[in-house]
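Across the two complexes that follow, chain A remains constant while its partner is chain B and subsequently chain C.
Let's turn to the complex of A and B:
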């Protein structure tokens, strides 16, 4: 994760909207929603709402969405594994606990990275995440 | 594009490496999961045993109680089984039945003693139920049938009806075919290790197969253990190549006296 110069200096209103795209993904966690897809849906809703926004806003909405999408896969696997333990004959094993702790570590890392990015973006700084930033650059282009 | 692929691969590698490192830790031991499971099983076993205890009278036949205790002690001693882990209860009931509960409780109905022609048949059935306990079949069945969440809520004291349903299920439904086979063959191993002839156990199963469970309500062990003839056959196949001894755990005179007492009490 690193701060990079953006193609133009975003305005105050843009910085606020871009920062909100990260906060959307956090709202679901703070509200204590157990379903991993909720984070993604919250971010997706914000992304759709801002798809016609400025380049800076669109760029950060896309990065927030992509980072949530990757978490969706590992969280969903952990979620359904847990459900199968509670409601079927699946047993708690070392493999399961290792996976759950791995998921927790990645979620906590994502949580703090999201907060950090939201704060920096609010200040008008452009933060590009490892992999997701590069991917966003490929997907999100400035309007001609 | 190449940059994205490399970064993506690095991210996946980091996740896999973290998972690999975390897998090296024995989480089950760290969080004492086994201890918690054992405590839950013990509590559930005590709750279920209370239901059976309230529904039937304990046998007061000391000869029979001592004989069953001797048989179980012999099987445990010869097979490295912790004797204190098996809590046998003899209840007066006409049903031909014996079954295992969580926490090592083994319920034996006097009807079973009546129906056994010799002590080896009784030992075979008891060995079969001890095998279910030792191989953790009881909890495996419960988790499969009612789920972990229901078991936890029962032990927390918030599932009275569910507890009664579980009690009924354990005494009146069979384990799946794989578990029954495992318990049968384990029982045969127990018997052979203790120098007891397992052939009468196979004969007992054949005898059970000939009886029609729907015509008499008393033969619960048949209805809960289907395919008795098939089971008798694979036991006979299993012992074909084994060296069989013919030791008696209790003397013939005591066995005869027990049978006489049981007949008189009916």
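Let's turn to the complex of A and C:
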């Protein structure tokens, strides 16, 4: 995760909207617990709402969406594994504990990365995440 | 229109628009005919902060959407109980921008 120069200097209103995409995903995570899909739906709706926005806003909405999308798969598997342990004969194994530990580490890392990015983006800095930043560059293009 | 009148308008109504829209609005108003000034003066803009407060308190009923004139979205929000809470959260972050957009559209209708 590092600050990189953007193709243009974003304005104040753009920085606010881009930062909001991360903040909104944080609120949605907290409000949607323990269901892992709520924050993805919220981020997706926010992305759709800003699809006509400026390039900077769209770029950060896309990065927020992609990060939430990866979390969905990891969290969903953990969630339903936990449900099967609670409501069926499934036993708690070392594999399960290791997986849940990884899920927690990943979620906490994502949570703090999102807070950090929201703060920096609000100041107009362009923060690209490892992997997700590159992926976003491929998906999100400036309007011609 | 006179620069003094335009600046006075922007000083009292600047908060209703996005910051990047203020310069184009000023240019457009300066070119405008003096006869349109009474119409512009009587325009009623929605305050984004008030709408945000409404969204925080009654967002799940869609009141915020009704207030800015999105009746269809308001009804949708009301029926779905604020999109089961998700839509309400999204609107907390989007409603101020939407309100400023609506204000801009209202002003543009007069300026065109």
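Just so it is clear, the second predicted complex is superposed on the first by the 143 of 144 C-alpha atoms of A that agree within 3 Å, B and C clash if a C-alpha of one lies under 4 Å from a C-alpha of the other, contacts with A are read in each partner's own complex, and residues count from 1 in each chain.
Here is the rule we go by: a contact is a pair of C-beta atoms (placed from the backbone, for glycine too) under 8 Å apart; a residue touches a chain by one contact, two chains touch by 3 or more.
No experiment lies behind these values; they were computed from the predicted model shown.
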Could you say whether A:17 touches chain B, chain C, both of them, or neither, answering first, second, both or neither? second
On the A-aligned overlay, A:86 touches which partner chain: chain B = first, chain C = second, or both, or neither? first
Partner contacting more residues of chain A (chain B vs chain C): B
Listed in rising order, the residues of chain B that touch chain A in the complex are 1, 3-4, 7-8, 10-11, 15, 18-19, 22-23, 25-28, 31, 33, 140, 143-144, 147-149
Provide the residue numbers of chain A that touch chain B in the complex, in ascending order. 70, 74, 85-89, 91-95, 97-99, 101-102, 105-106, 130-131, 134-135, 138
Please give the residue numbers of chain C that touch chain A in the complex, ascending. 18-20, 83, 85-87, 89-90, 92-94, 97
The answer for chain A against chain C in the complex is residues 11-13, 17, 20-21, 23-24, 27-28, 31-32, 38, 41-42, 45-46, 49-50
